[in-house]
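For reference, the structures are reproduced in the following blocks.
Each of the next two complexes has subunit A plus one other chain: subunit B in the first, subunit C in the second.
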Partner chain A sequence: MLTQQIINGLTLGSLYALLAVGFSLICGILNMITFSHGEIFMIGAFSGLYTIIALGGNLPLGLAAAVVVSAAAGILTERIAFRPFRNESPLSPALITIGLSISLQAGILLLFGADTKPFPYNVSAHKFILGNTVISGIEVFVIGISILLMIMLHLFIHYTRWGLALRATSQRIEAADIMGISTNRIIAIAFCTASLLAGIDGLLAGAYYSAFYPRMGVAISLKALAGATFGGIGSIQGAMAGALSLGVIESLAAGYISASYRDVIAFTILIFVLLIKPSGLLGQMREEKV
Partner chain B sequence: MNTFVKKIAGLLSVGVLSIGLLAGCGSGSDKASKDDNIIYLGAAGPFTGDNAEYGTEWKKGFDIALEEINAKGVAGGKKLQIIYEDTQSDPKQSATVAQKFVKNDKIYAVFCDFTTNSTWSAAPIYQKAGLVQLAPNPSHPQLTKPGNYIFQLCPTQADQAKALSTLAVDELKAKKIAVIYLNTDFGKAVKDNVVTAAKAKGVEIAGEESYLPTDKDFKAQLTKIKTGNPEVIVLGSYYTDGALIVKQARDLGINAQFIASSSVHSPALFQLGGSAVNGLITMSVFNVSNPGETLKNFSAKYSSKYKANEPDTFATQAYDAIRLIANAINKTYEKNKKVTRQGIRDELASTKDFPAASQDSITYSANRQLENAKLYPIIAKDGKFLPYKK
Partner chain C sequence: MLKLSHVSAGYGNIQALFDIDLEVGDGELVALIGANGAGKSTTLKSIIGILPDRQGSIRYDDEEISQNNPSENLRRGIVMIPEGRWIFPDLTVSENLKIGAFIKWNQDYIEAKLEEQFALFPILKERRNQKGGTLSGGEQQMLAISRALMSEPRLLLLDEPSLGLAPQMVSTVFSLIKKINRSGVSVLLVEQNSAMALQIANRGYVISSGKIIVSGRSADLLDNPLVQNAYLGGLKK
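Presenting the complex of A and B:
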């Protein structure tokens, strides 16, 4: 049972992780939190699903649609909710994104209806059976894609000029500005990256559970935010490690103690880690945020 | 920028206010003449939020019933009309809506609510005001305890548990069963009643696992249940979670027989669960194998109107709910030549052998629950529910 629970937890954690790095990226660069990230995840999922259905099963184009729509939504969010308030209270963006998240949920509910939509293809056809442990092909796919995207994100941040600008901006916006970095563009790029990851994640999660519904981003984005904080918000590796461990802790808690106490146990551990190490598992000095 | 935002906010609020005022004036002018011919009913249910899909089914059932009833008219040619208020089946909102409904003396009866919790939070308010509260779906055995104005339309979990445990033990010959249930009043009622009934028959309980309404990942619970190796797994779930649970169980290589309470009886189960739900046995509140005239009529209208194969439990119960109220309105009007909230309650309470769709006939017991509630075992097979025979 242990290996099976760890596999379950890693899959769950991978789905959290793609959202968690987005929170980390945005918070690392702006020191502000977005509450509509879960809805970007959701509209990415819906645009992917409906493109796939409309094109009769074209998965790559579905993925592309999820990426484009969620990235556009992310850039728009930045323009509406963050840019006008950059030097003011972080409460304004928080409130605006809460409002945005409610309107996006209601909008999708009105457009597509309240019922849960299935993914039109059976994605768990391939199975690997190792003794008592069953790993389905989609689980390998979810974990694989998640790790691949994380590696790409890491390379992007550490080995490209845009990544360099991103790191500079996250250290000090004013200084980066003076050095000739177009910080507005860099912040938009951060939002765009965070959002397209959320959109891909949404399509993955929807296909994995075969369930697309207007509130699909609500619970998972809160867990992802918790995972990002747990691992050290502002740090990409930290967010990833935090999200994966949250997934595994949840699965083990449900498997060995009780599913009713799953969240209680997971969040108690989280609070203890933060009490002992306020910057999170892998959180470092503020200067090295992104 | 800040002042700009403030200006926009100010303009918006002025706009909203004036629209509200205009709308108020518009509807006020011709209200008196129209209202005399309309009997209003309140519907407080989950039209947005986590349970919105079930509220959508309510509306479908309501609409078909209203078309039929309003073609003839009630209480000497009046029309029925529904005032919808969204509660998201949240107990707090359900109570707020109840306050609003009881104050509106044009409303003669209310459908409220989808869950046991939200039905109960509103119950004292309806009871105090003397307004009928007909709960279409909740199945808690104690649902009608808050007072004599609350009516139940679903066979209770005590009825269901008896049928489910008989099915598991006597027909499927299970020695070990496990229960997975939604951690709400509804799910716990399924679990408690099934566990008690099964233990009384000497069956071993190999696992009891709960989950939250927002959960979509049930693999942790299922992996745990797999180690207990049960022959039958009982679901206390709605169809969305039920479908996902069965699917994930099959992915994990669990081959146990699934049986579920009537709340999974919906064609949507097949869309969500695909071939994984084949073989699942559930209880239907309506008689699929030998439908009465009322059910046949409703199914036909539902299929043609909504382009679906068959109606689900929620739409069918909503359809019956309105017809029951219309029947009570007609009876009290015949006797007293007028319609009152109290009159509707009295006639509803004395409903006897009323031909219905969700049951062949409905008779209310002294507790305002179904007397002799019948449940019909059905098995899911290739996208259809068929009557289950051993």
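Presenting the complex of A and C:
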């Protein structure tokens, strides 16, 4: 029972984590929050699903379509909702992305209808049974892909030239500018990375629940944002840890206390942790040295 | 090598520089002194290209650079060390240095340059894996200078390098600037510590309310009663 809940929680947490790191990347660099990240997730999911259906089951191409469409949507979001307001109130991008999120949901609704579309393959067919714990193939796949992407993100950020530039830009954008770093390009890279992770996540989530619908990104993106805040927003590792813990806490609450109160319990714990440590689990308060 | 003619600049509606003429010759060390808010930093920002509102001509090696961005100027060998040093607090000392050579990215070049800088600044080698934000003010100034040298500049724009440093550190930094200049790098030095700046400089400009009011050889400026009263605390050197 316990291992079963933990496996379920880690699957859920992995789905949150791929969105949470995106929030962290964007917030870390611009100190602004995007509210259309859930819709990037959703259009990634839809483009993946319809590519897979159109090509008679080509999963890798479906994944590629999700990546391309969501990355393009992310870059476009930065252009219209963030770049014009770079040095202004963070409220403008917040409002524009809320509007964008409503329009994207409406657009997909008009194009594909309001009904929930199933994933065309039975992804739970393969099962691994360890004692009394059942792990389905899709859970292994979701956790595996998520871990792989997290490792790739970590390597990109810490061991490449552009990753170094990204970290520099998020710490001190004006200093990055005078070092000759094209900070507009770095911000676009951050949006592109955050969005392609969201798109892959959308396809994974759609397949896992076998449900694709226009509002599929709403609740999950809010939870991911909560997870990122819980772990310490702005910190990539913090966002991963926060999202995974949120998934596990939710799953344990559902299994041991009450499935209907899972969110209440999870968010109560989150609020208490933030009251004690406002910067989040792994967040740091930065001091400036003169 | 650098020649500003009739440069005006400002921030939005506020004009900060009025018709500035200034020159830095090859291998020269030039001081730009003046009170707080006189337009010293604005002059450097106009040259490096982080100020959108500027008019007039800025020529470098007989080429117009007044519309360039910092990246283009860096490629030509102009590097600025801003006031407050602008170290990346959460990057290690090595990473801070590597960012200095961002535009010349090449693994071999970077490794060679790092070793060169570590030989010049042993304290930075010792602290290579420490985060920039954990260094003392003096060490951060060393790091900022070293980071600027990573891209092999030909013209260094230095903004208030002595600000916030202990007196002993100030003289270390000044002799370092002199040493860098002797190695062939031209320097435009902005300082509130006018006396020390003029002592190491070949020539100087005095700026007040966005206008150059006096200029000349450092020795002459140090003897100029107006400069002495206004900027050298009324003291003779």
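Note that the second predicted complex is superposed on the first by the 284 of 290 C-alpha atoms of A that agree within 3 Å, B and C clash if a C-alpha of one lies under 4 Å from a C-alpha of the other, contacts with A are read in each partner's own complex, and residues count from 1 in each chain.
The rule we apply is simple: contacts are C-beta pairs under 8 Å (C-beta built on N, C-alpha and C of every residue); 3 or more make two chains touch, one makes a residue touch a chain.
Just so it is clear, the structure is predicted and the values come from calculations on it, not from any experiment.
Within the superposed three-chain model, A:91 lies out of touch with both subunit B and subunit C [touch as defined at top].
Contacts of A:210 after superposition: subunit B is touched, whereas subunit C is not reached. For subunit A, the partner with contacts to more residues, out of subunit B and subunit C, is B. In the superposed model, A:164 lies in contact with subunit C only, and not with subunit B. Touch criterion met: A:177 reaches subunit C, while subunit B stays clear of it.
Of the two partner chains placed by the overlay, neither subunit B nor subunit C lies in contact with A:152. By the touch criterion stated above, A:114 is placed in contact with subunit B alone, subunit C being left untouched. The residues of subunit A shared by its contacts with subunit B and with subunit C come to none at all. Those residues of subunit A that touch subunit C in the shared complex are 161, 164-165, 167-168, 171-172, 174-182, 286-290.
Those residues of subunit B whose C-beta lies close enough to touch subunit A in the complex are 1-2, 5, 47-50, 52-53, 55-56, 183, 209-212, 214-217, 219-221, 223-224, 226-227, 240, 244, 247, 251-253, 268, 271-272, 274-275. Residue ranges of subunit C in contact with subunit A, taken from their complex: 48, 50, 70-71, 74-75, 80, 82, 86-91, 95, 98-100, 102-103, 105, 133, 135-137, 140, 147, 151, 164. Residue ranges on subunit A touching subunit B, taken from their complex, read 1, 4-5, 8-9, 11-12, 84, 88, 106, 109, 113-116, 118, 122, 124, 127, 129, 134, 136, 205, 209-211, 213-216, 218-219, 250-256, 258-260, 262-263.
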